[in-house]
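Starting off with a structure, shown below.
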Amino acid sequence: MMQSLYDRLKDRFNLGEFTGRRADLAFVTVSREQLRPLLLHLRDLEGFTHLVLLTAVDWIEDDTFQLTYLLNDRARARDIGVRLMLPRDDTQMDSIHDLWPTAATYQRELREMFGIDFPDSPRVNEDFILEGWVDIPPYRREFDTLRFARETYPERPGRETHDPATYMKQQLYPDGEDNG
Amino acid sequence: MSVRDVLSPFAAWKHLFRDPVSIKDPFNREASERYRGFHQNDIEKCIGCGTCEAICQNGAIDMLPVSGVDGVQTRPGDSGLRPRIDYGRCCWCALCVDVCMTGSLSMSNAYKWVEADPDKFRYIPGVDKKHWDDYEHGYRRPEGHRLNAPERIEMPELEPGERIDSFAEIVGGYSVEQARLEADRCVTCGICVATCPTHMPIPEYISAVRDGDYEAGLKLLYDSNPFSQICGKICTRRCETTCAASHEGDPIAIRWLKRHITEQVPFERYRAIIGEPAAATGHSVAIVGAGPAGMTTAFDLARLGHKVHVYEAQSHAGGMTRYGIPEYRLPFDTIQREIDLIVSMGVEMHYNTRIGADISMAQLQQDHDAVVLSIGLWLGRSTRVPGSDHRNVYKAVDLLRRIRDGEQLQAPKSMVVIGGGNVAMDIARSMARLQQQQHGQIAITLTALEDKSHFLADPVEIKESIEEQVTILDSRGPQECMVDDQDNLLGLRTWRVHSIFDENGRFAPSYDDGDEMVHEGEWVVEAIGQMSDVAILGDELTEKLDWNRGRIQVDEDGRTSESWLWSAGDMVRGPDVVHAVADGHRTARSIHAHLSALDKQENA
Amino acid sequence: MAEYPDRSQYPAHLPDGSCDIDLSSGKYLKLWQGPNHPGITGNMSVELTVCGDEVVEGRTHVGYLHRGFEKLMERRTFIQCFPIVCRICVPEPDFNEYCYAAAVEELAGVEVPEKANWIRTLILEMGRVNSYLMYLGGQAGAFGQGVIGQWTTYARDLMLDRFEELTGARIYHMFILPGGVRDDLPEGFDQRMEETLREIESTLADVHDTMFRNAVFKKRAMGLGRVDPAWVDEYGVTGPVARAAGVAKDVRSDQPYLVYRELDLEPVIAHESDAYARADVRRRDLLMSVDLIRQVLARMPRKGPVMATLPNVLHWKIPRGETYVRGECSRGEYGYYLVTDGSGYPRRVNVRGPSYTHAMALLEKLIVNVNISDVAGLLVSLHTYPPEIER
Amino acid sequence: MQFEWIMVPYSLLTLFIVVNYGLLLTALMQKIGARVGRRHGIPIWQNYVDLIKNYGIRSSITHGVMFYLGPVFRLTGGVGLLLFVPTLYGSEMFSNLSFAGDLILALYFIFFGSLGMALGAGESGHPHSAIGVSRGLSQVTTAELPFALAVFAIALQYQTLSVTEIVAAQQGSVWNWTLFTNPLAVAAAMLSFLGSMMRPPFDVVLAPQEIPIGPPTEYHSSYLALMQTNRVIFPIAKIVVYMNLFFGGAATWPVFFLKVFLIYFFSLFVGVVFPRFRVEQSVRWFLVWALPLGIAAILVV
Amino acid sequence: MKDELDKRLDNQPDGPERRGSLKDIPVREELLPRWVKGPEGQEYVVEPLQDYFCQAGPTVQTPAYTRIIEDLFNWARAESLWILGFGTGCGAIEMRPLMTPRFDAYRYGIQWRPTPRQANLFVISGYLSVKTLKRAIRSYEQMQNPKYVVGLGSCTINGGMYWDSYNTIKRLDDYLPVDLYITGCMPRPEALLQGFDDLKKLIRAGKAEGANHYAEHFDWYKANQKRVIKDWDMPDYSW
């Protein structure tokens, strides 16, 4: 089902990689220019009327953000995930809040948690979840939450642990060899 | 909206005269039987493997030493550590209970703990006494609910029918997929490392198998054991007896995984992976005996840049691994490759050179900075029962050596083996093969002093012996090798064993002479232990050295009372390959320290 | 009855969605409700601009419960994520467990035993019952009728007892692991469950008499917060809110998961699309869940394993891939978007909770022109739960 | 009636009895309400403990003079109302300071407390207080209107403004009670009573889910304790008025306790099972249902 | 605008340092320090991340009565626990069973109040995100002396399962004086009742003086709070 959809739309929207996941779920990559026409087409002509979610994946090793627009076609019980690769050094993307008003919320979150900007999206620069956040956007891969937590919030002291193998070495054969 | 909508709500008043449904005494309400409340730990069952700590996503568990509490102490198979849980972290997910390797950890259905001091919410279950220690109910790992596979991946082996008439290697070795699955079972706790005599980095090389990084694995192996290929096949694998997985399932097949690594790396790459020896130091060391201990010492010293000469009486190196272990367990080419690798480090071999006959100890002392004596245990012990001096009563070691040397033995139609150790199994199974080849049928009886549960032999060996139609009788004490008038050996007469040791733990078997059996056999083979052939040392040296119950007395580094002479291997430690390797390392280290000290003196 | 928002008397929306309100004019008042406001569901707040008794503009503020689950999961192994996911939603934690487990199973290629799927269905329906019971109490409470909450919370407590004996915990059950479920049903569970269901049904009959057939409640709830069916797609509306608007959107029947294909169920719908209709849809859906629990117990296989054999979870690696798994929770579509990269840790997890769209964009749209007395009732009628929004 | 000094200790005794009865009665009402919710509810002495606790709070902050005076006014309203109507009919000890025109004064006192509260709460500066006050004033006004009409009706009926005389007129037989002689007035007054007891469906003033908890939001410690004291006195004082006007008064304490309980229970009976009206809904409700009754009562007379 | 701000900040004694700490971080424009002109024409720097913070401290309130009256009050305080209805975390869900028939905490003199002014017990129901901590501190400070804090769940003790989260505090006692902790994730209603019972004992013994402790060590608490809360802007009231 999804494959035939892809075959139909492939040339028209210059689609990239296609990944069939289940019979009713597939992911497809699209370029930034073709995103909006594709979404419009899917929404208005293919029945993908429900924007399930919009989120990002940080592929820091490839220096890209992957934006995933997941659309659902309830009548035919199928989903399509539209992937868009965004270079990490140019984190600006076109807003789709006029297609789905609810997208504005997702875009606010992406702005805050990934630092991906959506100019013109309503209230995109307002605080959403965090308040007074002064570090790098926390969902980026380079943000180390454990290190941040250790530096910011003191833990209760008095914890120590031992590695069983190392401890047994200390106790049983401290010189590296036992004499048994 | 109607009158009904105004009146209907008043139906609620019917509850006025019903009893309230409140719990009368909520302070003493017991939680459900499965409730995941506060932790309990059976500290005697627990081995402190730290798997609970590894799986805890909250970082709530610390492993703390509790030595001395209720007899817990650090010993092989038990780290002496016990988990301490921080209830400022715990989320009661019970993954620690699910993953616990011994099943010692569980949860009671106690759930109330109020404290003004936040630092008090840490305790070692089972050690710090809590009122819920004895709670009957609570979460226990449900039957069959395991987060790691309890069963070992089956090793491909020849079926008894296929293997019984040949000396072809029985064990086939894991495929990559099988090895990965088996390696996957390991929980990387490292309890086994302490048990391994040479402390190989077992979890690390198993991780290498898991990751498919065999070259890194091989490097780990050879840094700790130059007999890795051999140990991969015939190691006595003490490690597996203490493996955390053995408590509730099969231990990890550590030996087979080691073997798998050595099989996966092409032999040509070995040398490059192990690395070049250090620059020559100018020191020279002589090693007597090319067994595992001697060759390990040679390998270590050669890598450190010392010149090593190995003197071997036989025509091939390998010692007991070459001459004492049947081919179906350890093929020749494996040994040869191992020796070649060691020799390639710059060790000079002198084969067919017998000390005392071809070269004297005094000569060695003179030519070298240090001498290592690692001549193993080559003389079989005798039961000394009447008739044991008959020509058809053999020592197992002698027979095995002859078989391995390629001699075409004429197998007897029937024979009896005395002894319950691995050597007894080896000779029984080797002879069974010869019998099958020559006579088409097997008639071998093996009698041992011990009962089945105390056999010294590897259980796998016993199982395979039985598969190969060896009759095994336990608790039989040999009384006489029966000889008829024509001086033909008839067989062995045994009594049933009451007990082997007396109250003081000394070897003093007592028998039940009412339960007598006669085992028919043209041959009787004694496999009850070996001795070292120390006669080669010469009287003068023998006189000088300190002795302890027939063995040369050495210090903990293997050094004898003579400062230039070290002794290592089976002759010091008893028969075991991996112990010999460990001994070799130790000796090499001691010698290296000695040689370095010499350098310092010279420079000073 | 309130009409659809007529904003003619208030300043128009600016293009960016904000509203140019001159607070210094004295005509308007900023009024914060929450986070510690009894009328607000959970720990969130609504910033209201009111003119007299009428709300001119409302903005939802969340983030009070943000723990960064999606970040935390990126540094936990696949099995270590299992205890943490249920914390995303307290009233109905099992959906997180199920969606996460299903996503992991799909990407790792783990086949779940048949019986485990039945038990999972049972648990999810039990959770739905709990969640709806709590909602009913909350909805009545938001309009000032406390007694409903007393009854339904008691009924929920009984169901929690069943949860406790089945899963070993009251709130965070942590029972649905990747690979199956932890354990089988305890002995005598069916019978005790039947007693509990009867008690719940009798409670619901009382609730029906006292809450739904109540002139004052009708007066308050009817016509409040009407959702236009056209908004369902625009605002990503799912679950009972959509069903009350006449859109039969129910993942259980649209894309059946677990064993729903084998159960008899019919999406409950209504057409009035106001707070009363939503409450009624939920009440009827609750009765259907009660029925589904009975169906599951009657039809489930009693033999067989409940857990697939997993690879050693301590170093479980899942090949690169991405998937989305959804289910119908009591508030709407719940889903997990899981991305793996071949390592032992998820690359990215995104949790799609129904409140994300309901409490933000939809609420902000509905709240305009509502009387401040009705803000709590409106908010509750959307049945939102803030941790789903901010995770 | 002449003022005598002995009336002061007598009045204080009345006050003492009423306060204690009120503390217990409100707790009992809560317990009954809790029963409908299938639970036990607070211990019967809980109100005493709460009161002591609140007097025992060490710190308090003030938002100004009126903030402080608010509870005082409120208490004055309650105590005043109680003391200017006879508690027990025919008892010299418990007739308090009632006098010929006391009905008008009583009406005044019913309002007095609310106004004082409005001023005090308004000064607390909290928007919820302010909203609560505005709601309270509009609701109380409409709710009291039917009551005022009913009072007017029975004043016409009995041709007196003295509560004592009205009670006297009802003596003799149960059928002499206003309840039976002028049921319309009683109905109007009882609906109004619902509106003034701060119970659903007319508790929009406090409305914890909307404007927690309305006017008293900022009140705490001893201010709150004063208000709590008032909250046990004022309803009873009000019920005394109702009892005297419509239910034949009470000649002995047991009758008094019983009648007060029953009248109080009426508000609970309705309150437990309904949600609350929005303020404009309740205003409309009073105008649509209660006000015509009151007017009809007058017309009937 | 920004350049000028930089320049002016550099002239401040600790300006470069302050700016440096914010320099490479994408802070929202409105949170950056900015220059504001006062009504009389004077100019000053407004730093939204710090400036909205109230510096006035609470005072220590000593029991001013005789021993016997204080004991009476303590008894009353213990038997009349008014809990602030502020569900700060997931533990709040176990409050409902307490308020309702099954556990009926009202039996034990425990009630819920919607406003902090009237409450004397603050149950921190689990983890506190930084955003909630700010409100929790506000609410706590609005409560009247004597007041009590009970930490509910592991996460108030040592971070719980959010020990590595960037947005939750790990040790509640760094920010508020805590009288009792109840461990569990989350603690059952029975455990809460037990906790309240233990709290009553503490109060009766006169040992629950957290409010005075807070006043005495106000600077220490404030320093800790300021370390994690960077933005003190808040509506004037918050319930």
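Order as written gives the chain letters A, B, C, D and E; numbering starts at 1 within each chain.
As a convention for this text, a contact is a pair of C-beta atoms (placed from the backbone, for glycine too) under 8 Å apart; a residue touches a chain by one contact, two chains touch by 3 or more.
None of the values given here were measured: they were computed from a predicted structure.
S.K.: Under the stated touch rule, with subunit E ignored, which chains end up grouped together?
M.R.: Connectivity without subunit E: one piece.
S.K.: So, comparing each chain's Cα centre against the centre of all protein Cα atoms, which one is closest?
M.R.: C
S.K.: Please name the chain that ends up farthest from subunit D once chain centres are defined by their CA atoms averaged.
M.R.: Max centre-to-centre separation from subunit D belongs to B.
S.K.: Would you say A-E or C-E is joined by more C-beta pairs in contact?
M.R.: C-E
S.K.: Please name the chain that ends up farthest from subunit E once chain centres are defined by their CA atoms averaged.
M.R.: B
S.K.: Between subunit A and subunit B, what is the separation of their C-alpha centroids in Å?
M.R.: Whole-Å distance between the two chain centres: 49.
S.K.: Taking each chain's centre as its mean C-alpha position, how far apart are subunit B and subunit C in Å?
M.R.: 56
S.K.: Distance-wise, how many Å sit between the C-alpha centres of subunit A and subunit D, to the nearest whole number?
M.R.: That pair's centroid distance is 61 Å.
S.K.: Based only on mean CA positions, could you tell me how far subunit A sits from subunit C in angstrom?
M.R.: Chain centroid spacing, subunit A to subunit C, equals 23 Å.
S.K.: Please set out, as single numbers or ranges, the residues of subunit A touching at least two other chains.
M.R.: Residues 127, 130-131, 138, 143, 145-146, 156 of subunit A touch two or more partner chains.
S.K.: Can you list the residues of subunit E that touch 2 or more other chains?
M.R.: 85, 100-102, 104, 107, 114, 131, 157-159, 161, 163-168, 171, 185, 188, 237, 239
S.K.: Quick check on subunit B: which residues sit in contact with 2+ other chains?
M.R.: In subunit B, residues 9, 12, 15, 20-22, 31, 57, 86, 88, 91-92, 118 touch at least two other chains, as defined above.
S.K.: What is the complete set of touching chain pairs?
M.R.: A-B, A-C, A-E, B-C, B-D, B-E, C-D, C-E, D-E
S.K.: Touching residues of subunit C toward subunit B in the complex: what are they?
M.R.: My answer: residues 76-77, 79-84, 147, 154, 161, 164-169, 172, 174, 182-184, 186, 206, 209-211, 213-215, 218-219, 305-307, 309-315.
S.K.: Write out the stretch or stretches of subunit E touching subunit A in their complex.
M.R.: Going by the criterion above, the answer is residues 21-22, 25-29, 31, 49, 130-131, 134, 157-159, 163-171, 174, 227-233.
S.K.: Note which residues of subunit D are touching subunit B in the complex, please.
M.R.: Subunit D reaches subunit B through residues 32, 34-40, 269, 272-274.
S.K.: Can you list the subunit A residues touching subunit B in their complex?
M.R.: 156, 158-169, 171-173, 176-180
S.K.: Help me check something: in the complex, which residues belonging to subunit E touch subunit D?
M.R.: 58-59, 61, 63-64, 72-73, 76-77, 79-80, 82, 85, 100-101, 104, 106-107, 109, 111, 113-115, 117-118, 120, 144-146, 211, 237, 239
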